[in-house]
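In the part that follows, the structures are each spelled out as structure tokens.
Paired with subunit B in one complex and with subunit C in the other, subunit A is shared by the two complexes that follow.
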Partner chain A sequence: MREAAMLTPNNLSELREALGQATPPSKILAGGTDLVLAIHQGRCKPDLLIDLSGVEELKIIKLTEGRIHIGAMATFTQLMDNQLIKGSLPCLREAASLIGSNQIRSAGTIGGNIGNASPAGDTIPVLLAFDAVVRVLDSSGQAVEQSIDQVISGAGRTSLRRDQVITEIIIPLLGEHYRSTFVKIGSRTAVTIAKLNMALAVKYDETAKSISDVRVGLGAIGTKAFRERQVEEILNGRRVDQCLADTLAEELSAAVQRAIPGRYSLPYKREAVKGLAQSAFANLFPKLYGGVSFTT
Partner chain B sequence: MRAMLIEFKVNGKNYGREVRPTMRLLDLLRDELGLTGTKEGCAEGECGACTVIMDGEAVNSCLVLAPQIRGREIITVEGLEQGGELDLLQQKFLEHSAVECGFCTPGMLMSAKALLMKNPHPSEEEIRLAIAGNLCRCAGYSKIVAAIKDASHSADGGCR
Partner chain C sequence: MSKEFRYVGGTFPCDQALRKVTGDLLYGCDMKPAEMLYAKLLLSPIPHGIVKRIDTAGAEKVPGVVKIFSHFNAPHKMFNSCRIIPGQKFCIEDEPLFAARVKFAGERVAAVVADSLAAAREAVSLLDVEYEELPALLTTEEALNNKAVKIQPGGNLADQYEIEVGDSAPAADCLVVESVTQTQRTHHAAIEPHVCLAHYDGSGKLTVWTPTQGVFGVRSVLAEFFNLSYSKIRVIKIPIGGSFGGKQEYLFEPVTSFMAMETRRPVKLMLDREECIIQTRVRPAVRVKIKTAVSRSGELQEFIADTTLDAGAFTGSAVDYSRTLATKAPKLYRIPHYKHTGRAVYTNTVKSGGARGWGAPEIITAVEVHMDQVAKRLQMDPLEFRLHNLVYPYDRDPVLNLSLGDARVRECLEKGAEAFHWKERFHRHAQEGGRYRRGVGLACGAHKNGMYGGFVDCTSMTLRMNEDGSLNLNASLHDVGCGTATAMKIIVAEVLDLEPDLITVTEADTELTGYDPGCYGSRVIYNVGACAKETAEKLKDKIMESAAFILQKPKEYLCMAEGHVFTMEGTDERRVLSYKEIAERAIRENYTDLGVAHTYYSPSNPGSYSVQFAEATVDTMTGLTRVTDFLAVGDVGRALNRGMIEGQFQGAVQMGIGYALCEEVKINDRGKPVNNGFKKYHLVNAPDMPDVKVLLIEHEGDDGPFGAKSVGEISAVPTAGAVINAVNHALGTSLSDMPLTPEKVLAAIKQTEDQG
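What follows is the complex of A and B.
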């Protein structure tokens, strides 16, 4: 095998130049927790690696005009420690804290989680639930905003051109009456059928005790994570009680059935998702469950 | 071979080295610098035997490419001992019989060290979380946790 070359841009303009040299087998290198493994195992044979670790601009997390901008090179540890994320996006913090091990969290990045496009990527359901957009830069210096759904095209596939890179993930903040949570079962080493993850966000009306603007992001089912709009519609406007938790469980089970009909993992996942629904609901409305919070 | 010249620091010492772009940090440490305390177990990020500290954070050196450490500072298990004296963590691991075959020990020590550098007085839960990516198939985690807790209770928190 021919040894890959590596470019090590130190800022965004050098990065743009580097992107101009990319060919189809070239790869962007972020934290390396997926890519170094793939290269070492011979699954990926890039001619050129563009290492982002020297581009400091990509590590910044900031709030601008009601939207949180997260640099693509922000690590999971950074997401866990950041005060802005802690205060405004606790559900992203939860997802980051449940990833891999401490070592994986201190190297792995949010940009790499999208770039890797694993159907089980843990930040993806959260980003979908929050209608996050991704800022993509190309070698000509043009930057566009695309939805997560546009960028991730299938299992392990993105729609990014070879001269494009994700620079930021932009998350519009929901108002103060929103509650959100992330739950998952199965770690990376678990067999695929034993994996599921979900983000749930709702607007909660304290007086009417009802929810609206329900957002459900589901992952590790099928080829890519998705928003479950049908379930969202059914839950909108409903009063919060144990009966609603059961409805969520049943509706999600039906959604899994719709998403992967006939798949051998279906019998397991359509049951497991019910437990996930109950945990998520308990996290959003702990009082209903006597204050117990569930981390799966 | 397309070599790259990089500069970095390991255990307080400055280095300049030519490396292949796809050489792993693990191989740079073991094969080029002769620092064989860092172990290769699974080679896929699961066992933690290859854990080193990079700019204050514990990372798996089997998942970092050598050129990515340019301008950075690495601490390996060889860097714990100072002037012939074992680091407090190392002493406590011995006292608590937290070492059996010893294969996991360097990685375990580096995860523990990274924790104590950030958080000198961790709770038991924080200790368990910090070493959750380090597998040990013999000594047993309770002895390891006890050793780390003991090191953190001593006056300087086990940190230089």
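What follows is the complex of A and C.
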């Protein structure tokens, strides 16, 4: 039995050195909620594991010049409890809170969510909607900023080289007139992988009661999450009323049809996404929308 | 309610709760005798084919590998995994240790035995098997229609039967209703995966440690299979991390014993979750067609059922299971003319097996979904409709020709309806609209109390009072986590009026404990419990006799209370002996052992009943359904351990909701199970559970200890029916293709809208 070597760097410079030793089968170990299972099941046979748990810098969440910097090793529990996230990015908090179980949230990290590149990753639609960028460090010490779309190339695939690691996720804050929400449909309420997930962010004009700069991040449809620009354009400048909610529902349904034609899951997803749209709309404009939910 | 009792009706933690939560209790996976080897199985990736050749060269090179087994070096003899006694009816022996022709994806093809689990795993991954694929029949329809492909030598029809009682004479203006319900394969989902440890020692004795529900059945199958003397086989029941019927059949005892006999070293086989899902047993999928004729005033005239059970690749328990489907509705409703045709069909899919309720959840769900459809057509409240037809206490079961005993299903329904505010909610929710729709549903269920009437149901135990007044109960208990051991302590403690903690009870060990067919058929409390009570009464007599001798008073002048024997008041000077004094003096002065042995034969098999009420909330846009309120009412005769019974019902409801809404072992069109882990096989978890209220009806009219009847299985019988009826009530649909996944719910809503 071949066993993987493990390196646990204690700071960024040790991390760079560790990355220098990586070979193609090497793996970065963040929270391990997917990787450890894959190793146990023999789906993944790494020669080297670079364990990020020792690098304290990667666990910090801070606000700098209007951008929130989230260390790649920030756990979902940390995202849920962090005051900065609670105040400025409630929809990221919502996404984090709907991932897995308490145990998974306490181990799983935002960096891992990107690196794992699951089409159903719950933070991805939020990061897309907020035009977040990913800071990537390599063994030479060079750091680059890349978009989520650049980093995630497909289901379970990233564009990261073997000597690269995600160190930070940087989210530019939208202004105070923005509202955002995250919604998800799984096969049960909790501990469930998304069948559909969506982040919706809009700039809301209180006087005109209209929305602009609409951002729609859609996940669990196809091989990777994406921004639905066509739907965003249709919604931009529209007045907020039930009719707009219905438009969003119909347009998202059409978007699902475009994204996964002929797929087995299409008939369900193109219907259920309408429910997702109505829930998102109700979250953004609770006063205009007098719906009940399971919890009421 | 039970003021006259000291212990019966109280709440006691299950026997090993403390050891379980502290990790002190050792399970099969923890056991590691010296020299032990690990076994790992290779399972078939295809549903049907001939194992032509196995290249073991790569596997043999793995350091630590001791031996590799397959049909090329193992006996081709067959066994039956559920046979309890030799020559048992319906138990065709058609399961091999290793397949020469695989009959489902997941069947055992080979095994590697090695010094470490890692080596065994690696070696299994290096086994190279050449299969000659055969056409696979994945559904009962295909299997019945395709005469060219025979899964078993006799063809694909495992068994068929017809039962008819009463005469057909429905009135001319009867309403005739027909329904089809499809139930699905489900996984038992016990948290402990299957495990077995076997050792064949130098004296030629085979010892098997297994978390089984019946050690004597295991012994019998092993003895006949290996041609060993029963006296040279010892089967020991070890702690079990849940079973729900999944560990009642002897799935791995034969193959593990074989490997231990071949290697002459202890061999342990441990499964993982995927293996448990794809190759142990599943609750069978059953298609149920029901046709009833009902008078306009709501009286059932005729009930005609037809069932097709998917047996999977071999017989196992399928014939008995299929035939049992015909015995449930007549325990529940008065039916002037009852007819049931049924069949069990082999398919190239995972083997069906015993599961909590043994056919009752399957058939009763179909019956209760049907009954709601009838009530709707009659424009009658489903509650009223059922009251027109439910059985009464001491009715006779016309199929089995047994008394139903003190059957209190009507009382369950009436008291439950009151507590659940059924009438208001049934009428109120029907008028609600909007995205989230609520509905309520109810279902009644019937089950049994043991094997009396058709199979051996006896148990033998001994009870001995020790020198300090404490007790040892030696019995073949198979506690599968539902508090059997604690229940026996409560029974004995009640009879002898001493603290339950002073009693130690054994679990089953064929070498040391008395005969007992096992923990099946809801027989344990009703029959093993009754034996414990009679055994304790026998000991009580003996204690009184000893005390009478010591006190030189006839025992009629003595009474027993709180661990002491007293002379009755008002005779003369009051004298008291503690149990300790009696036990000590009995052995020292009277040369008497305060021990008794007793064998109990079950005298009856009454019905156990439960009526359950569910409120479901359906998101009409996503099809997601949640059960938002639940009441389970149980006709339990007498609650022995109240908290444990409530827990049984709550757990049963969790299983039943999953059965109704989400659990299913899915097999794709190439015969491969697709959801082979808990990531994709979803159980209902805590956030989706309603607050389950439990109401117990206690009448103690039957022969169980203090009147107690079975709980563990009946509690799981009506749940799915209640949930499905609630969903149909919420949506105005007649969904009956289980489970009611969001996809099916949305499709049904669309269909209703299109029609409306």
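By definition in this document, the second predicted complex is superposed on the first by the 280 of 296 C-alpha atoms of A that agree within 3 Å, B and C clash if a C-alpha of one lies under 4 Å from a C-alpha of the other, contacts with A are read in each partner's own complex, and residues count from 1 in each chain.
Rule of thumb we're sticking to: a residue touches a chain if its C-beta (ideal position, glycine included) is under 8 Å from a C-beta of that chain, and two chains touch if they have at least 3 such contacts.
What you see is a predicted model; the values in this text were computed from it and never measured.
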| item | value |
| --- | --- |
| Partner chain in contact with A:Thr8 - subunit B first, subunit C second, else both or neither | first |
| Which of subunit B and subunit C A:Thr189 touches, first, second, both or neither | both |
| First, second, both or neither for A:Gly32, with subunit B first and subunit C second | first |
| Touched partner set for A:Leu266, first subunit B, second subunit C, both or neither | neither |
| Touched partner set for A:Gly42, first subunit B, second subunit C, both or neither | second |
| Touched partner set for A:Gly275, first subunit B, second subunit C, both or neither | second |
| Where subunit A meets both subunit C and subunit B, residue numbers | 189 |
| Residues of subunit A defined as touching subunit C within the complex | 1, 42, 185, 187-193, 267-268, 271-272, 274-276, 278, 291-294 |
| Residue ranges of subunit A touching subunit B (in the complex, touch as defined) | 3-6, 8, 29, 31-33, 36-37, 39-41, 49, 51, 53-54, 77, 100-104, 106-107, 189 |
| Touching residues (chain side subunit C, partner subunit A) in the complex | 118-119, 121-122, 125, 434-436, 617, 619, 621-624, 626, 628, 662, 679, 682, 684-685, 687-688, 741-743, 746-747, 750 |
| Subunit A contact footprint on subunit B (complex, rising order) | 1-2, 4, 20-22, 24, 43-46, 48, 51, 57-60, 62-65, 67-68, 70-71, 111, 114, 129-134 |
